[in-house]
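Structures given as structure tokens follow.
Okay, so subunit A shows up in both of these, paired with subunit B first and subunit C after.
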Partner chain A sequence: MDLLEFARGPALQVSLAIFVFGVIWRLLGLLLLPWRKDHSAPRGTAPYAVVAVLQANLRKMWPHKTFVKATVFQFVNGYVMHVGLAIVVLLFAPHILFIKSLFGVTWPALPSNVVYAVGAITLFSLIAGLLHRLTSPVLQLISRTDDYISWLVTLLPVATGLLAIIQVGARYETLLALHILSICLFFIWFPFGKLMHAFTFVLSRGATGVRFKHRGAEL
Partner chain B sequence: MAETRTLGELLVERGVSRRAFLKYSSYLATLMALPPSAAEAMAEGLAKARRQAVIWLSFQECTGCTESLTRAFSPTLEDLIFNFISLDYHHTLMAVSGEAAENARLQSMAENKGKYIVMVDGSVPMKDGGVYSTIAGRTNLETLRETAKDAFAVISVGTCAAFGGLPHADPNPTGAVAIQDIVKDKPVINIPGCPPIPDAMTGTVAHILSFGKLPELDDLKRPKAFFGETIHDRCYRRPFYQRGLFAKSFDDEGARKGWCLYEVGCKGPITYNACATLKWNGGVSFPIQSGHGCLGCSEPDFWDKGGFYRPLPTPLASVREHVTEAAAAGAVLGGAAAWLARSSQNAYKSETKKSEEA
Partner chain C sequence: MTARVTASGAPYEVQGEMSEKDRLSHAMRTFLREFGASAAIHMESCVRCGMCANACHFFITMQDPKYTPIYKLRPFEQAYQRHFGPFAPIYRLFGLTPNVTIEELEEWQRFLYDSCNMCGRCTLACPMGIDIAELVKEARHGMYAAGLVPDRLELMDRTTKKWGSPATPPEDFADIVNEAAEKYGVKINVDLPKADILVTVAPAELTEHTKALADIAKILNRMGVSWTYSSDGFEASNIGFINGDVELQEKMTRKIIDRAIEIGARTLLLPECGHAYGAARWESARWYGKQPPIRILHMMEFLAESINSGAISVKPIGSTASFHDPCQVVRRGGLKEQPRDVLRALGFEIKELADHGPLAFCCGGGGGVVSCARADPLRNRAFEIKRRQVEDAGAERFVTGCGQCRITLTMGAKHAKWDKKTESLLELVADNLEGE
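Showing the complex of A and B:
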């Protein structure tokens, strides 16, 4: 069994199983917890909980005007990175094939060259994000090992994917195998680190929104 | 048998002009990506060389490699390269000669000790004492060891000889192995393919004849001149890949328009061979040009890589079963964790209530 066979075979099987296991474990464990009841009477302006969840999720997509100046870089860079990742993951033909093999659904792909360009921008964005984290005193204080591991396992698939395209450092099949293995690493780490925010950010923002709105506070 | 005349003398006898010979040498040098100056050196080398004794052994194979070579007939000098070779023994072609053929092999080995080339197509069965393939009452292993012992080099022709090929495919009932797994003390060149491109075979032999040494090989012992780039690198459909235009099936609009076959399982991106440049049948076509994706036949274990029509970026086997089991386990653990948390909270509440009542 060569490296590519290992990556496409046992490595993908095990890592996908760990990913699904971990995500469902954490999500169910979270959602089935008893909900904290707020016994106080809601303010007259308090909307339904669902509306509060939506409002909070939308509102938190851009910082409050007070914090715009201080956080504009991380917001813009965050958007570049996340949108870039979404384009690369969801609109590159080989990735669509991978998703189709799992779920049976498919959609049109972007031209490969466009995805390559977006991938390169995403890579720079990830590096810029790390540099910002390393140079910001506040971020340094609140950063944990988890943050750096999550950053690394996100960077590696992007970097190895680009290397596979330009075929630098090794033969294509080796780079492709490394790319798939880096995705396996991403899948394995995802449920147990901060990457889980891809699922939990909606819940945490929603919970904040419900509490704030219940008390009549602005988001 | 032992030949005293040089190839140059032989060619003159056969009426081949120097101009035609130089043209052919240039073609060979270009084929092998050698610098322009090498063409003349190649011509000089070939002209001074003596007929190369070659012993061709056929083991567990389908004869496709021999078919490929013998049908590589060309009105040019290409076929003449095998007039340069003294094919002293060929299992398949000389099968009806019986004992006489075996004697010819032994005689050639004795007369050309240390100089002859052994070309092998087919893998060698190792299981149960190698009984699954025998010739003249001897196992392939015995014949190979005996013949390769005094050879200058061994050329494994075809994927079966180079990497085990189809006989080596899971579950490998005969315990088939590649030639390089057995011959350890001689230079081995692999010219894989199912079958290999005739020009790759003739070009490699011509290189040895011209320069008296082996051509540059890759990590799988394949001549870099023919196996240095992937099919994908040189595929005429590559621009469609770049533009994201793919055939989704073999009879859709994309297939009719000649779009990239990546999504229907083409293995071109991981297959090192010269099909896209040299092509087949005198440069007429190659599988992708004929509308079918590359099978990856010049790569080890190409039969066991998840299926010819499974696209490259997908898992080798279905992951659905494992993922379903993992999801069920995750649900049980998540539910149990929440239940424990609730129980703990309820216990805390009842304790608090009791202490308040007390």
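Showing the complex of A and C:
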């Protein structure tokens, strides 16, 4: 078994298993905890909980005007990085083929050159995010090892993917194997660190949304 | 009670005779004991973006990263991850999260009490929607159990346990009320066996704001409703809610609500006090397992309802006014429009502060900070934001609907040698009732 076969085979299977099991474990560990029911009389304007969850999730997509000046870099850079990742993962033809081989579903791809450009922008955005974390006194103080590991395992698939495209540093098969292995690393770390916010943000915003809307308060 | 200093130079105070090991254990067990899904989700969702810092008046004025709201929870986040979270065994096995030490808790007293008003402005800034103020409240439960709260707050706690109020024993309450009746020439009902409305007070109304006792009496008398104060249930401010003393919080809540039910009241009227609203309106049902069978109204809400329904009418003052939004009542309580309705009825043109309504800055004194002398320099710095915004708005009058905010803002103004008076919404209504 060569490196590429290992990456495509057991490495991917094991890491995906860890990802799926870990995410389910962590979500169940949260969702099966008791929910303290709020018995207080709701404000007359309080919507149904599901509406409050949706409203809170939408409201939190962009900061209040008063916070924009201080947080605009993080919001804009955050959007560039997240949207960039989504485009690269979901709209690159080889990725769509790979997903088709796993789940049997397919959709149209973006032209490769566009995806390459988006990949490069995403990479710069990740680097900018790290520089911000390393230079902001607040972020220096509150950052944990998890922040740096999560950054690294997100950066590596983007970087190795771009390397595989431009075929620099090693044979294409080796670069592809490294790309897949870096994704394996991402899957393995995902449930344990802050990458889980990809799932928990809906719940976190939603829980506060329900509390605030119950009180007739704005979020 | 002893004032001490940590190795890093942070002041803290301790109560009780527990060993350090016991303090730590009490803090962690109490903190984690009532952990539900909502708090756990919030503990799990921080991406360390630091955006909450820019919402906090203490960080904005001091520019010290240690005042970043989420940082104020650090020992408790560690405890959660190491002992409670879904991957706690893995975190422990690989040492990914260190054990919380008693020294950390001692140092964090100043972050959880001196420099957090539980005002929740950070909650509005957090892109994950983490309700940091609520988590700080949970963390204070742990700190109280460990005997690690500022002495002044602990003194108020002990006094309340003894008297049922941090201000006065119950046997003196009727005297204070009757003195106010005489001084302001208003008939005040106290200890009536039956009434439709039970009126409660905040500690400041029994000391420096006694006019408020007469002001609401005047309004209720004008409305011709059946109402009373009660020596057996008058204190609404709920120091247990602020300190993290859950047992006292429940006791104080039950005291006023049970009394209201006993006298057949349909409404429990809360004073101009922010934390009273949080404790009674939103958390009382927690102790009964259901909504108590009475309406619980904040004074601002009651005034707005009374004016809007025509039960009372007021003379227009015809001036400009800015309103300071009390955090627990507006941002965390949803009563943004009610005080503005009252101000408009009084004929004021409202000149809003740059940050107002749910986004208003805290007065800096909430959550017990105003009672913690150690925090005075910090509080006075935070006051600069409010002063600047009030001056920029340029209104003639400056009004609020919380006695504690009024005290804090008055203290801040005195320190800054600023001559702007902070006025009470209740007092403005009482002084301008139509037909007086």
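Operating definition for what follows: the second predicted complex is superposed on the first by the 219 of 219 C-alpha atoms of A that agree within 3 Å, B and C clash if a C-alpha of one lies under 4 Å from a C-alpha of the other, contacts with A are read in each partner's own complex, and residues count from 1 in each chain.
Note that a contact is a pair of C-beta atoms (placed from the backbone, for glycine too) under 8 Å apart; a residue touches a chain by one contact, two chains touch by 3 or more.
Note that this is a predicted model, so its numbers are computed, not measured.
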Clash-or-fit label for the pair subunit B, subunit C on subunit A
fit
Can you tell me whether subunit B or subunit C touches more residues on subunit A?
C
Examine A:L33 and indicate which partner it touches, taking first as subunit B and second as subunit C; both and neither are also allowed.
both
Contacts for A:W25 in the overlay, against subunit B (first) and subunit C (second): which applies, first, second, both or neither?
both
Tell me which partner A:F201 touches in the superposition: subunit B (first), subunit C (second), both or neither.
second
Which holds for A:L176: it touches subunit B only (first), subunit C only (second), both, or neither?
first
First (subunit B), second (subunit C), both or neither: which does A:Q140 touch?
second
Using the superposition on chain A described above, determine whether A:A56 touches subunit B (first), subunit C (second), both, or neither.
second
Using only CA atoms and the superposition described at the top, report the least gap between subunit B and subunit C in Å.
7
Set intersection of subunit A contacts, subunit C complex versus subunit B complex:
25-26, 28-34
The subunit B residues in contact with subunit A across the complex are 230, 232, 241-244, 246, 262-263, 269-270, 300-301, 305-306, 311-317, 319-320, 322-323, 325-327, 329-331, 333-335, 337-339, 341-342, 345
Over in the complex, which subunit A residues touch subunit C? Could you list them?
25-26, 28-36, 38-41, 43, 56, 60, 63-64, 66-67, 70-71, 74-75, 78, 133, 136-147, 191-192, 194, 196-197, 200-201, 203-209, 211-212, 215-219
With touch defined as at the start, can you tell me which subunit C residues reach subunit A in the complex?
34-38, 40-42, 44-51, 53-55, 59, 65-66, 68, 70-71, 74, 85-87, 90, 96, 123-131, 134, 281-286, 288-291, 330-336, 354-355, 357-359
Would you tell me which residues of subunit A are touching subunit B in their complex?
2, 4-5, 8-9, 12-14, 16-18, 20-34, 93-95, 97-98, 100-102, 108-113, 172-173, 176, 180
